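Pasting the structures in now, so scroll down.
Common to both upcoming complexes is chain A, partnered first by chain B, then by chain C.
This part shows the complex of A and B:
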């Protein structure tokens, strides 16, 4: 009896010791949705890689990563998101937080992370205000770092750069003709700033702006808008779309045989299922992307292929962000030799880390630094049912952008 | 000493005589002592939200349950209170202790306006009309993003108290005061008039009751309570965003109201205190948690199937019976009325 008790006590002690040998990371996301699913999948991949390689070296001691899956339900409820983050901090006693998607919810979650002085690596929300809070009240919000995506302002810069590439190719193929550009932006608050910037900058980019069309984000028919675009004689259509209307635009552009090519942001076109959803009519539609099968960094293609092999589909930016966040944490912890948040923050602020989507370096707002050699994102074009990356130039795996025959 | 004796006499003669009142007292004590038993920040967060949503649910019940003005857009008042308090606190630097009252006042105005505009509408038409108001408000918020913060809302608000326990007590004491106040109101002559309006408005008018005035008053009162809850919610979360006006929140309060039992005040409050922690608890169970909405729907449907009047009236009917003569309530196991000695069951004398 005594031996049994002693054995049980020893087992408990070993189990307790084993528990102490882990770094607990909460993966926060709307797990019933594709964003949360990808957060978790990317984090699982990183955890398995790190643990298989011996874990994290914390001041000479190897520790394993333990992930805690936290469904924030943030798309449907902001309080649920704050409850989830509080739960993982106070109940699960996690060391670090990774994830988030809906900006309004992440703003509220950021407060809970700041209250508890927990490092929170964002992997989904794009609103610039998240970083602005770090600049405004550094001591409270220094715990927030945005690993992905670029904030909205930088996404606009990237989309203008891609449009510039398409326009240059148009001029080259059509013997210097000035491209006519139509804007099709869903009627939503987030598109307003982009539309204003486009209207102000297109003339400077020597583009002939022929009009603005604003369907609903959930419109099921945009034939009237596309007829207007066709009549305007547009050569390029600058898209600013995040909702299901992106599929409708892609399909009906094909059905109406528009000679114009869609360039810009179309979140639906980032998905593998886009070609099928548009019944194969989305030829030449392009959009900004985060990861694809091109060597943005030496890590991109191995990550992309491994993700595809394991999950039978391509990763979204949330997966790449969560994956990078875990590897970034590992590197920072090993450099600092500790998991102490206060000591990790200066290390992260100085880190230049090669991730799968680019080279991560944070600015004073703890946002990603945008530009060549850092993070730019990339652009893909649908060509015969395949996502073909065509921007930025000079990256291995980049293929030519195509315009339809005149 | 006299006060203590008076309190004890009241407790013994008014509260301890009925199981439902004992239950209510136990709940009040539990609400007040919760931070001592569970000082955990997570538990306090759930309880704080439960308190705030309980005010919101009770306010809906006064309007929909008692007066029959079923609002499908109650989030309008919650959001109005949240945004008014948040904007005043942030833009003018006013203390949140002051702005929460202004939030309630702004919501009251919204309530009066909605009540006035919907005065000629009845039943489903009224419900559908009220559904439109938060959507209009959302449209206005998005139309003036520089003022309202657009899709992101107004963030960086000051909390009413620094600690989790302090914030909990702000919410809990506000909830107890407002819920008790609404219950007293509903139990008063004013409440009887509201019942009359709900049951037969034409008959109420024929009896000389100025029904439009009462309806307007109840819209304003209900909105004031919802707005106060919204204002507290915004300062607790430190953000007032479009989610405070979402249709989902408007329907959530209808579910709480129907689940707990309409026209009771305490029913929707009980529903919030059961369903809110329950869904959160379901949410904490890994993959199962992602099915929480389904589980939530099943629980609500089962309760409504077996307890069509709602949970609280069902429980009350199980533990208490009504005297056929004096209409006072008694413990279910009593054979004669505690007040008039009339037999409560056939064959009892």
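This part shows the complex of A and C:
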């Protein structure tokens, strides 16, 4: 009996020792949805690469990465998200947190991470408040870093730049005519600043603003809105859409044969499934994107191709973000020589890391620094069922933006 | 702008009418509070998508199989879930909410939260007064008119229709008169779900298929049926057109407030009900009975 107990104790000790040989990282995302699937897929790729190469060197000791899949169900329920993050912290005893998508849910999860002093690398939410909280109450929220995407303010700059490209091409092809631009923005808090900035800046950009239409983010029909846009004579439609209404807009623009081209932000249009979801009617719809088959950095194309080979479809920004987050974490741990969160934070704050979507460097809000040489994002246009990257100019792999025949 | 409102309101009213007919029959006429009604519409849309896009069946075959499969499922659900609690309206309400949520979660499990697109049965557009109307929406209008006529015929020109109305009017008396009220109720569920399934097959190509697509039409259908007057098919048709036109007017008059179109339509419903609690055509129905 005593011998059995001793054997069991020894086994437990060995198991405990084995556990200490891993760094546990929770991947938080809505796993029944494309965003969560991509969080997990990007993290799996990074884990396999890192573990295959011997793991993470923590002060001379090699440790493997162990991923914990946490379904936050955040698209449907914010409480589900906070329950999920609580569970991985208290039950699974993870060391680090990666992921998140819906801003409302991530703002709540950020509080839980702060309560537990856990490093949380965001890979999905764009709300500026996430970074503002770090600046306002650094000691509480210093555990938050946004690996992707750019925050809303920078997304505005990028989307205006892309609209400028489309407008310039319009002027060139239509012999100097001033483009008429309609704004279609879902009614949500995150779009308010963008709409105000668009209304203020479009005249300065020599664009003729013909109107603003604001459907619900979950509207299933925008035929009336599009009839109004068609009647306004718009040449370009500036989209500010993150919800499923982005699919409806893309499809019904095609169905109603609008001559205008959609340019701006349409999160649904970033997905490979968008073309099928619009039944192939989203010709020329464009959107800001994070990763595509272009050399934003030397890592972009290899990542894109490896992801496509393994998962049989292209990655979304959540996959790129989760992938970058794990590699970034590895680099920071190896520099610090420890997994101690308090020691990792100053290392991450000073890090300049080449990721797949750009060069990651954090500002005082722990947001990405925006601009050439850092992170700009890119823009793609749907052409005959393929996502064609057309911005920023000068990047290897960029192709021309197309306007429909007048 | 007037022509835009006239055409858009009519076409969108037609879409709502097609969705509302089945709900009007089950909720308005038979008084069975089947909250899962629009969930069957969702199941038909998923079935149609699977057979048409993945199994590459033709439109007609995929449509017929989808409607038949969903009706068979509804009859099974009636026997297992609704019939045992049929006498308790609140229990039917709760049981059918549960059923709808089960269908939603099953679709989420099977297809994920992805948004799926179904190709249009008819491609192309008709330009009417400068307004583009996709042929698919014209098809919806035609199917809505046909379904409305068929349902009216069933209710007012057949023995089954008489039995449905009698059972809805007074279950016990109908039973005492020798009607098999359970069978009548089952037939009502089957027919109304068939209408929902037809709507799923015809309407889904203009919308997006996802596990939550049953929620939004449920609220609109409730509003239309109550606005038109419980039990009145004519009322449901006019209610659908009112909602279609109110939404179109809201979008054209207040483009930046387009997100309010649903709220404005529901406000109109509340205002009408304050003035006429029985709905627009509720009294006419009572007299008919």
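What we mean here is this: the second predicted complex is superposed on the first by the 388 of 406 C-alpha atoms of A that agree within 3 Å, B and C clash if a C-alpha of one lies under 4 Å from a C-alpha of the other, contacts with A are read in each partner's own complex, and residues count from 1 in each chain.
Rule of thumb we're sticking to: a contact is a pair of C-beta atoms (placed from the backbone, for glycine too) under 8 Å apart; a residue touches a chain by one contact, two chains touch by 3 or more.
Note that the structure is predicted; figures quoted are calculated from it, not measured.
When both complexes are overlaid on chain A, chain B and chain C end up sitting side by side without clashing. Once the two complexes are laid over each other on the shared chain, residue contacts for A:256 go to chain C alone; chain B is not touched.
When both complexes are overlaid on chain A, the residue A:66 reaches neither chain B nor chain C. By the touch criterion defined above, A:293 lies against neither chain B nor chain C after alignment on the C-alpha atoms of chain A. Contacts of A:278 after superposition: chain C is touched, whereas chain B is not reached.
Of the two partner chains placed by the overlay, only chain B lies in contact with A:108; chain C stays clear of it.
Legend: residue contacts after superposition of the two complexes on their common chain; A:211 is shown touching chain C, with no touch to chain B.
Once the two complexes are laid over each other on the shared chain, residue contacts for A:32 go to chain B and to chain C alike.
By the document's definition of touching, of the two partners only chain C reaches A:75; chain B does not. Once the two complexes are laid over each other on the shared chain, residue contacts for A:224 go to chain C alone; chain B is not touched.
Closest approach of chain B to chain C, taken over C-alpha atoms in the A-based superposition, is 6 Å.
In the three-chain superposition model, chain A touches both chain B and chain C at residues 32.
Within the complex formed with chain B, the chain A residues making contact are 31-32, 69, 71, 73, 76-80, 82-84, 86-87, 89-91, 103-105, 107-108, 111, 116, 127, 129, 133, 136-137, 188-190, 192. Residues 40-42, 45-46, 49, 142, 145, 150-153, 155-156, 237-239, 241-243, 248, 280, 283-284, 286-287, 289-290, 292-293 of chain B are the ones that touch chain A when the two sit in their complex. Considering their complex, residues 1, 4, 7-8, 11-12, 15, 53, 108-109, 112-120, 125, 130-132, 134, 136-137, 205-208, 210, 213, 216, 247-248, 251-252, 255-259, 261-262 of chain C touch chain A. The residues of chain A lying in touch with chain C in their complex are 30, 32-34, 37, 75, 186-187, 211-216, 218-225, 227-228, 230-231, 244, 247-248, 251-252, 255-257, 268, 273, 276-280.
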